[in-house]
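Have a look at these structures, which come just after this line.
Okay, so chain A shows up in both of these, paired with chain B first and chain C after.
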Partner chain A sequence: MSLELKHCPILIAIALAAFLVLPSISLATEVLIFAIIALGCSILLGYAGLLSFGQAIFFGLGAYVASLSQIHLGVNFLVGLLIATAAGATVAALVGALAIRRQGIYFVMLTLAFTQLAFFVSYTLDEWTGGDNGLLDVPRNSVDIFGFEIAIDSSEKFYAFVAISFVLIFLGMIRITHSQFGRTLLAIKQNEERATALGYSVKWYKVLAFIFSGSITAYAGGMYALFLNFAPLSNVELIMSEHILIMAIIGGTGNVYGAVLGSLFLVVVGDMLSAFWERWLFLLGGILILTVFYMRGGLISGLYGVFEFLSQKFGSASTQKES
Partner chain B sequence: MELFFFQLLNGLGLGVIYFLLSVGLTITFGLLNFVNFAHGAFYMVGAYVTFVIVSLTGNFWLALLIAPLVIGTLAIALEQSVVKFSYVLEHKYQILVTLGVALMLQELVIMIWGPIGKNVSPPSSLAGIIEIGDFIYPKYRAFVIAFSALIAIVVWWGLEKTKFGALVRAGSENAQMVGLLGVNITRLFSITFGLGGLLAGLAGVLAAPLRGADPFMGVEALGIAFIVVVIGGMGSFLGALVGGLVVGVMQSVMSSVWPEGASLMVYAAMAAVILSRPRGLFGRA
Partner chain C sequence: MSILTTNRLTKSYGEFKAVTDVNLDVQPNTLHAVIGPNGAGKTTLFHCLTGVQRLTSGRILFDNKEISKLGPEKRSSLGMSRSFQVTSLFLEMTVRENLQIAALGVSSIDGFRFWSSSASTVKKTAAAVDYALETTGFENRAETIAGDLSHGQQRMLEVGMALAQQPKLILLDEPTSGMGVDDIPMISDLVRRLTKDITVLLIEHNMGIVLEISDKITVMQLGQILVEGTPNQIKNDQRVREAYLGGETEDA
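Our next item is the complex of A and B:
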């Protein structure tokens, strides 16, 4: 349990700090939701070494399923999110199992083709998804347990729910990445042939990574639809996949806190810049290039660099390193 | 029957543009083993340069001459300043770098011309229609088919019959060996990259009067180019030609039967080809 004991306070502190420091509660909500989504991408890219353009599939799917199950089945929001998560896991298993049959550029192309397929399927099924207009009036059906009604009808309550989800999902993923499973993924990423030779079923590990990634992304996608009360078609666009990738890479993959930094950077800087400069994505493209050339570990590695520099300078043994 | 023939011709017109769009992507992949996610942006900028030249001078032919050269120069400049430093990196980092370049070009275009598309009118000499008996067809589309076929022949000749083409083909087999034989391989790389950009820019010029110029056409074109290259086989000239025509005709014929399904089908075909036959129709194993 020591792992959870160590990380739980940090995660709670992040959720509280986002609430207190950021200018608006909706911005803080968005940061935490996208932190989960960037984490989903980071598990594939940072641990399994899989560059996938497929994250928008799970994101959009989660948003649609969480919304549609509430609208048509009348389930409460929590059950809706769980159904979305299950759907995300199922589709991720399918997409993953097919995509990992090819490697390198062909793998990337397959994930790209699947995202485009998901987009055009969503577009075609406009009776369900609302097509181009998106799915409007997404409810947040309250939970009713033995007469106690739990509703997330205010933005504060919704933030509390997102924050709890954030802490639990991050703890779960920290546990998983520190387990033998996470270590094996890293081994596969470093040298796939060696991992195979050692007798690991590389395919299963990769599919499992897809399932973890897809399910948390779908859960977060569902939360995002509840947050906006709206599930736009742009959720399943290729551009969404690109943004998720950029977020994860700028933050730094291979470390769960990189996802938080990436989300924080894109959501907050994006919000600040877009107020007076709409074309700030121009800057983002440049930052992406610089990150690949000069800071492959992303912002989180830069942060660790600063920590290390400080701890060397002041010779303190109690480094703040949190990995 | 007549409608079918009309759609078939339209598909051919679309297909030859797709060929021009994709041939640079497939050759740079073959030679440099390099995946360029900014390739669609060359097509888009080509359409915008056409818009500028046509609205300034009213002369489409000038655009047809100048715009591809502008895009070729842009491609070489990008290769020299950014792209060549990523040749040594893994594929996934090349993808990310060129993704960054594509994003920057797209945003730059929006900064200059705004997010809403621009219309480009075809040259007045090609404005009307051709009548062959009962059959009528827009002159401009007929011109696109004929002109692109000519360019396809020129590209084929360049690849098969010139020394430069021989170097490109040899480099696709083994770039290191060609370098050891005393060929300046880095220069060969950047010229090929530039020519690939030039052809994508040309595709943008030809497409501009048909579909206008808008900032997001690059992303769309990149998707199409990937489909073509995958179906035809990566690194193959013939693959780009046949793949382009197949995708163009498929989209055009489907669009009269089931419009939403047209894109669905081509991406499904792309996934099916990668899964069942990754080297495509004409690619090497």
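Our next item is the complex of A and C:
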């Protein structure tokens, strides 16, 4: 319980700060949604040691399922998102179980192949997905419980919903990463052979990591479609997987807050730079190279380094404030 | 009653038979060593016993259960733990965390507990971890990161990992490999002490240690058992001397 008590205020503060500080509410919404998506990636990469190019599958799947279930089944947005999450978990279990049959570079190749597959499936099923044009007019069907209506029809309400989702999902993932399961994943990442010899069925640990990762990514993908009122085909493109990976790596994968920084960095800097410099991705490439060379723990480790430096310089008072 | 027996254990790679018709019989609470020159099939035998490799034919009985077809991760929960010839630890974790992970490996569910904090899960390993810390002499270094230990200490922890699982049988793969001469007694003392509580099967190429501490020795050559007996019998066996060309017997 103490874990939640410690992190809940930090997460709420992040959600509030994003709302108050960032220039637009849609930018803040996007930052929080992508923070969840980057977190899904860092569970796989930072904890299970799995470099997967498959995150776009779950992202796109979540967007389509949340949209289609609202359109065709008429369910409300919350049920739509939950169905999307369940679909994400199921597909992640399948993709995970197949991909982890190979290790190292072959695992990476398999995740690439699955993403390509998902892309062409989405492209071909254009009656459902809208194909190249994307799925248009995604609704946000309001929730109606005993006459009590919850609608997310304004951008403020939508932001509030995304912020609540963000806090809850992050709390859940903090719980998981601090659990024995999280520690076992780290052990498997460090030495798979030893973990197997000690009795761990490594395969199932990786599959479970995939399930957690896939379900939160699909949930966030669903929110993204609701946010745009649109589910573009680009959601399931390989480049989306890359984008997610870069976010997770630049932010730092060993810590859940790295995902927030990664998302903040890519979404906000991207928004600012793209306004006056079309080729801003150029800069991103440079920053990624620098991160990999000099800051393996990502921005979050740089930030902790600064905190440490400050606390050494100004004594223990500031340490308490930061932690 | 034996704790581990193999019945005509054979492992071939294509045409080549690495291990042929090996019948081992390990008695409880003894130190049983398997020795032999390079290429004798010791390591292949070890891999078959730990489940890393499947046997081509034959059977392995552990504690009266047939385990020939079980994978390595299934064997530790039955009470069979191993160490590695090349140190294989979780180098970014502390000594204590290494042992906790080891201790929890024998349960099929504890590692999956994602809903409660790891601190509450590892509580139940306290006794096993303390036993391993004490037996290997790591009480004062429990919080050291495994990667920061000296090579000799890492070899000790390597054995400690197996101990934390509180096994019935422990399989040690050349526990002194790569150790300095001064550190070797540390390991051999430890191994000798272990037989009070558990059975030890030791694969070793250092003849000196084996003659000194074993209860029973199996000598392998070209994938087969050459001779079996007490250290005294082995020391005076002409065939063993020939197999080793008189070289290593004087190493002691």
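As a convention for this text, the second predicted complex is superposed on the first by the 317 of 323 C-alpha atoms of A that agree within 3 Å, B and C clash if a C-alpha of one lies under 4 Å from a C-alpha of the other, contacts with A are read in each partner's own complex, and residues count from 1 in each chain.
The definition used in the following text is that contacts are C-beta pairs under 8 Å (C-beta built on N, C-alpha and C of every residue); 3 or more make two chains touch, one makes a residue touch a chain.
If you're wondering where the values come from, they're calculated on a predicted model, not measured in any experiment.
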For this session: Identify whether chain B and chain C fit side by side or clash on chain A in the overlaid structures.
Result: fit
Seminar exercise, completed: Rounded to the nearest 10, the angle in degrees at the CA centre of chain A toward chain B and chain C equals 80
Exercise. A:K6 contacts which: chain B (first), chain C (second), both, neither?
Worked result: neither
For this session: Identify which of chain B and chain C touches the larger number of residues of chain A.
Result: B
For this session: Give one of first, second, both or neither to describe whether A:R102 is in contact with chain B, with chain C, with both, or with none.
Result: first
For this session: State whether A:Q180 touches chain B only (first), chain C only (second), both chains, or neither.
Result: second
For this session: Based on the superposed arrangement, let me know which partner A:L281 touches: chain B (first), chain C (second), both, or neither?
Result: first
Exercise. Does chain B (first) or chain C (second) touch A:E193, or do both, or does neither?
Worked result: second
Exercise. After lining up the shared chain so the two structures overlap, which partner does A:K157 touch, if you call chain B first and chain C second: first, second, both or neither?
Worked result: neither
Exercise. Taking the superposed arrangement, what is the smallest distance in Å from a C-alpha atom of chain B to one of chain C?
Worked result: 14
Problem set entry | chain C-contacting residues of chain A that also contact chain B | none
For this session: Name, in rising order, each residue of chain B that touches chain A in their complex.
Result: 35, 82, 85-86, 89, 91-93, 95-97, 99-104, 106-108, 110-111, 219, 223, 226-227, 230, 234, 260-261, 263-264, 267-268, 270-271, 274-275, 278
Exercise. For chain C, which residues count as touching chain A in their complex?
Worked result: 50, 71-77, 81-82, 84, 88-93, 97, 101-102, 104-108, 110-118, 121-122, 161, 165
For this session: Could you please specify the touching residues of chain A with respect to chain B in the complex?
Result: 45, 51, 98, 101-102, 104-106, 108-110, 112-114, 116-117, 120-121, 123-124, 238-239, 242, 245-246, 249, 279, 281-282, 284-289, 292-293, 296
Seminar exercise, completed: Seen from chain A, its contact residues with chain C in the complex are 3, 175-176, 178-184, 186-187, 190-191, 193-202, 204-205, 208, 212
